[in-house]
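Pasting a structure here, questions to come.
By written order: A, B, C, D, E and F. Residues from 1 in each chain.
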């Protein structure tokens, strides 16, 4: 089992997602929530780094936080999976441990 | 599965407490156990009973308390962080010579050992913060 | 309420909902509108995310305050600067934002755009001309 | 010269209130006037009288109060931000059906208009925050 | 008179100093304080941008915040002026307006 | 106090003094030392600034908690990982940090270094092995 990383900050404001990706081992997963969901957007200055990371890690994004911010499913990088809180709970349970990148 | 939850920020100013609440609620609804919710740093402000949010907004403290009532949740506010920030129960208030207290009924004040214990006893510990 | 007229700019650099700054900034703008000051708003960096259309906070359990932006025109808050580079870095265009309008009383209440798309250098100059910059 | 000061964060968790205090103190010592110190967002927590920081640390609320005593400073806590977060004076507490209040004596609770007025009346407004 | 910009966040954690520099007009000043003082360090990944900005703007750093963090005067980029709170008050007074980059 | 032995890692990513996280993280570490767990600390990103030597908070009016790091060895907290890349990006070397030591009871109380300089890939593996990661 691998690690679940959670990121709740905008990658344009803070270095959190950047640092998380740099430390995420192959096979681990990253969940984007709160302002972290902006990291899932297509066509941004960080999207290339996220796409590259997706070769090694699975990326999830919380749908309720996307909708709160007016971001449509179409605006999200292809391959990022949209989940909800029950899904977040399942991810925490199915990974060996959880690291919150604050 | 048994989860432990740490909340590091106060209500409203950051989304952390909302997110921790949603996670906790979803875990309980799936039949999981929440060993403890531990409020640290500015998170201790979640345990104040004096908040009066606008009527068209949520009351985060009351949401936590309703969940605690329904599921017998253990809501623990860190004593050291709480004293520093002025979140007191009746006995802490008296002991420190203060004339009022502000802890909400479903929260209890205890030491940092309760966080370590949550880490030891829970199968997964999740931290919600800034 | 005061005879001094100053240039007030509210500088919004943060995304909505993750923190309360965007909401409580709006509360200041609404109260401030009662004072006869020369008011403008700037949305730069993650602040541009505050203006996205289609915000729906139901499942997040938070209060959706985005409709308030479209009411700013009624409060005579009509100068809303949005930085072009900030949009581009975030993969956004003006089409992703709310269409904010006001009615110009000097031109027989003609409907006009409140949003002024400016580049970084232009915005820096507008900031420089302000008397008071409130940062959120 | 006349300065206005806005403080956006609570005590201890962020350095903002310390910095605002140091600036205010230095300005007063140079003979300048501080039109008002306005506490907004989590900054309202600075106005709680219930804080009990460790004995070897500063007490930020008491530092502000001592400066207010000495220089007749106007320390204003925003009413809307304070209600949301549970910082109440006796009349707000009563009006909202609460059984306690926690405002510190040298602070007063008032509306956001006081911040705008500080912007209008001060020659420079400085914001200290996160 | 020009503007005084204040920056209180680490440039390695947040985009504040970056954004401030991008908006600072020629002749304005930047004061680094709190965790913003890390922006004054020599030999970092941001030092080149700060040095380049110093062609157009004056950069100040608060000595008490440097000392709190164990940073010596020798570790600071040459040309950055070390000041104190009375100096901060003077800078606020001698510039036309103040923008806090939060 | 508990028969379960878990790997606990305290992850410190923030600078000291600007926010309280570094100080209150240390308070958890000290209390946690009373529990017989397998404890380590990681200092990455701005967290490496917590360990600088020569911190003097007198003029800043704050409490200097940096001496506590050198007491960690007495609490049997002896695995302190510092990330090489984080130091380099900030223009720092190990010489800028406190020299943290502990006495190894298994080797006749020989004095040893608590700080383990690791690169990012090594640290990522150590993190992966943890049971509990407390983030500050």
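Operating definition for what follows: a contact is a pair of C-beta atoms (placed from the backbone, for glycine too) under 8 Å apart; a residue touches a chain by one contact, two chains touch by 3 or more.
Not measured: the values here are computed from a predicted model.
Shared residue numbers account for over half of those found at the interface formed by chain B and chain D, and the copies are therefore classed as meeting with the same residues. Seen as a C-alpha superposition, chain C sits on chain F after a turn of 180°, to the nearest 5. Taking each chain's centre as the mean of its C-alpha atoms, chain C lies 27 Å from chain E. If each chain is reduced to the centroid of its CA atoms, chain D and chain F end up 35 Å from each other. Centres computed as Cα averages put chain B at a distance of 26 Å from chain D. Residues of chain F in contact with at least two other chains: 17-20, 45, 60, 62, 131-133, 135. Counting partners per residue, chain D has 12-13, 15, 22, 41, 54, 57, 80, 125, 127, 129 as the residues that reach two or more other chains.
Touching of two or more other chains is recorded for residues 8, 12-13, 15, 34-35, 64, 84, 97-98, 100, 102 of chain E.
Screening every pair of chains for touch gives A-B, A-C, A-E, A-F, B-C, B-D, B-F, C-D, C-E, D-E, D-F, E-F. Those residues of chain B that touch chain F in the shared complex are 6, 40-41, 80-81, 111-113, 115-117, 119-121, 125, 127, 129. Chain B contributes residues 1, 3, 8, 15-16, 19, 22-23, 25-27, 29-30, 32, 123-130 to its touches with chain A in the complex. Across the complex, chain D is touched by residues 10-13, 41-42, 45, 48-54, 57, 80, 83-88, 92-93, 96, 98, 100-102 of chain B. Partner chain F is touched in their complex by these residues of chain A: 2-3, 15, 19, 22-25, 28, 97-102. Chain B makes touch with chain C in their complex at residues 12-15, 18, 21-22, 54, 56-58.
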